[in-house]
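Pasting the structures in now, so scroll down.
Presented sequentially are two complexes of subunit A, the first with subunit B as partner and the second with subunit C.
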Partner chain A sequence: MRALVIDDSRTMRRIVAHTLEELGFSTVQAGDGQEALDVLESGDQVDLACIDWNMPVMDGLTFVTQVRSRQEWRSITLMMVTTESEHGQIVRALAAGAHEYLIKPFTPDAIRDKLDLLGLLPLEEPV
Partner chain B sequence: MSLTRETFDFVADLVRRRSAIQLEPGKEYLVESRLLPLAREGGHSGVDAYVTSVRTGRREPDLVAVVEALTTNETSWFRDSTPFSALRTHMLPALRAERPVLDRLRVWSAACSTGQEPYSIAMTLAEILGPSTRTEIVATDLSDQVLNQAKEGRYSQLEVNRGLPAPMLVRHFRRSGADWQIAEELRRTITFQRHNLLDAPPLGPFDLVFLRNVLIYFDLATKRAILGRVHRVLRPGGFLVLGAAETTIGVDGDWERVPVARGSVYRPVHGGTAALPTPRTTATAPTFGVSRPAPTFPPATVNQGVSR
Partner chain C sequence: MSIAVETDQVYAITHEVFGAMIDPEPGYLRPWEGELPAPVDPLAAWVDVHGELAGRAAVICETAAAHDLARALLRMEPGEEVTPADLVDAFGEVANVVGGNVKALLPSQGTLTLPQVAAAVPPAPAGAPVHELALDWRGHPLAVVVWLF
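Now for the complex of A and B:
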């Protein structure tokens, strides 16, 4: 599994990427929506994108809309990871095509729980 | 580990007597991590000092606080998501297939902690069942403290981040200051009550019983007794959901494993107490939805869980 971590804060990118790597993902990082689109355009096969909302150049919501408009990127799971926490904003992000929404601050367990919901965790529980 | 033997033995004995939960040697870390916040809050230098003061003071509120700290679990929404997908894809279709009209559905969420499990069940039922099915969830826990939070249905941002799907959040919650508040129509479907699993169960019958991640704390005889009580209040066609690491196999032979949700779902078997069930190996939902004769129930044991 490969994840694209998009956030203008390098510290935040590192925290999210580290958590995903602990769960078995390989990661690639981008500092804004446009950089993230460039990563996808380069042909990098990504299963999951974790997306901040407020970023320079291109914000997270625009990135989500762009990805959703492209047939070849339809299989990418999109999760907003942001401090934006109003009810209406979550509704907007979901309507634009985000699959999940994680509000900062969060614990590593919260990322794990969301990936479990999205069916992106390796099966490790006993049968 | 800095806990003294005396501290651990006192806490283990207190918790066993009050809740029947066994804290085996080796669980010192659990005692220390759960009691440290209380020790700090009381201005003690550490857990040993705190427990010594509880032991010598013998004040009831302190004793209750210790038991509650050790018996309360951190819990997340749709915790271990497989039972909830099995509820959606197997259990509810099977219950529907067995009854001409599913006009009423009763669920017991045992050891419900701060309410995430019963609310997750309520959200799933609201999604799958139409308004023609009246649902009632009885949610019980030993701890008044967690029940109060559960009843209030108010959760912090950190709590709603734990495994709650965003579409469910926007559908069933509203912002309330820095917190999130569960919608009233969802709260109305749940009755919260204090209950000790060692006492007579809440008034049945139930179609579904969720008893997850709690049997692991009990010894074999207590597990068997609890499963027996659950068996009595579960409808013959109903389902029991245990935690991922729990099983009835080798504990109580009156259950049949349903091959969904990684083996954590069981149905009651009636009249065959001696044989232990063999897990089924085929999973074609809802093949276990065979129609059965109208169920009969033992006389209801009326104890609404008030054991104080």
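Now for the complex of A and C:
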């Protein structure tokens, strides 16, 4: 499986990507929603997108809305990974089409649990 | 205006951030004993909250301690060189996650700015902070400061 990690923080992208790779995903990264759309437009086949909310250029909520408006990207599982933890924000993201919501700070186990809930685990772990 | 966030809540958030993202196990972050020494070569990271109830959350420590924080966050080896870009990004992300969780405690929703990193936090519109945590992270003095405007 392939995951797209979208966060303006290179640090956070590295942490999320490393965790996903340990779970058997291959990863591609983007620094904002527009870069992420460019990755999808390029034809990269992505199964999961982990999306920060607050980013320059295009925020995570706009990215979710854009992805959900395109039939060919319907199969992509969308998980917000963000500090935005107010109930209203979570409802907005889920209403826009996000499947899951993970609040920072998180542990690797928290990511694993969310992916398990989404039916994206277990993957064969890399050797 | 009454204070919408308690000191204990800020401490709990900071503890959770360090426990989940920075340290491999709990116990590396504790209250500083006595008065926190003023940093000689400070580095500060902060985010602002804009909205009906606005504020700022900042993390301030010695630049050397910020390097150690970045190494820990990025799972680098002790002594491994942290690039200036990684230092700003990693240290800023610590403030971002602390600030984002403080924002969630406010009674009204607001928006969070992107993190900023500099030698000093700019003067806050409301003057004195409402919370100043004096902390000891692996022997480094570290302050977490919250203003509500």
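The rule we apply is simple: the second predicted complex is superposed on the first by the 122 of 127 C-alpha atoms of A that agree within 3 Å, B and C clash if a C-alpha of one lies under 4 Å from a C-alpha of the other, contacts with A are read in each partner's own complex, and residues count from 1 in each chain.
We take it that a contact is a pair of C-beta atoms (placed from the backbone, for glycine too) under 8 Å apart; a residue touches a chain by one contact, two chains touch by 3 or more.
It should be emphasised that the depicted structure is a prediction, and the values quoted were computed from it without experimental measurement.
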Exercise. May I ask you to decide whether A:Phe106 touches subunit B, subunit C, both, or neither, giving the answer as first, second, both or neither?
Key: both
Exercise. Considering only the touch criterion stated at the top, classify A:Val91 as touching first (subunit B), second (subunit C), both, or neither.
Key: first
Quiz prompt | Touching partner for A:Arg70 - first (subunit B), second (subunit C), both, neither | solution = neither
Exercise. Could you say whether A:Asp8 touches subunit B, subunit C, both of them, or neither, answering first, second, both or neither?
Key: second
Practice problem: Check whether A:His18 is in contact with subunit B, with subunit C, with both or with neither, and answer first, second, both or neither. | Solution: second
Quiz item: After lining up the shared chain so the two structures overlap, which partner does A:Pro56 touch, if you call subunit B first and subunit C second: first, second, both or neither?
Solution: second
Practice problem: Considering only touches as defined above, state whether A:Leu117 meets subunit B (first), subunit C (second), both or neither. | Solution: first
Quiz prompt | Common ground on subunit A, meaning residues reached by subunit C in one complex and by subunit B in the other | solution = 85-86, 103, 105-107, 110
Quiz item: In their shared complex, at which residues does subunit A touch subunit B?
Solution: 85-87, 90-91, 93-94, 98-103, 105-107, 109-110, 113-114, 116-117, 125-127
Exercise. Flag every residue of subunit C that touches subunit A in the complex, lowest number first.
Key: 16-17, 19-21, 70, 73-75, 85-86, 89-90, 92-93, 96-97, 99-101, 103-104, 109, 111-112, 114
Practice problem: Going by the contact rule at the top, pick out the subunit A residues touching subunit C in the complex. | Solution: 8-12, 14-15, 18, 54, 56, 82-86, 88-89, 103-107, 110
Quiz item: If you look only at subunit B, which of its residues touch subunit A in the complex?
Solution: 76-78, 80-82, 157-158, 160-163, 165-167, 169-170, 173-175, 244-245, 262-263
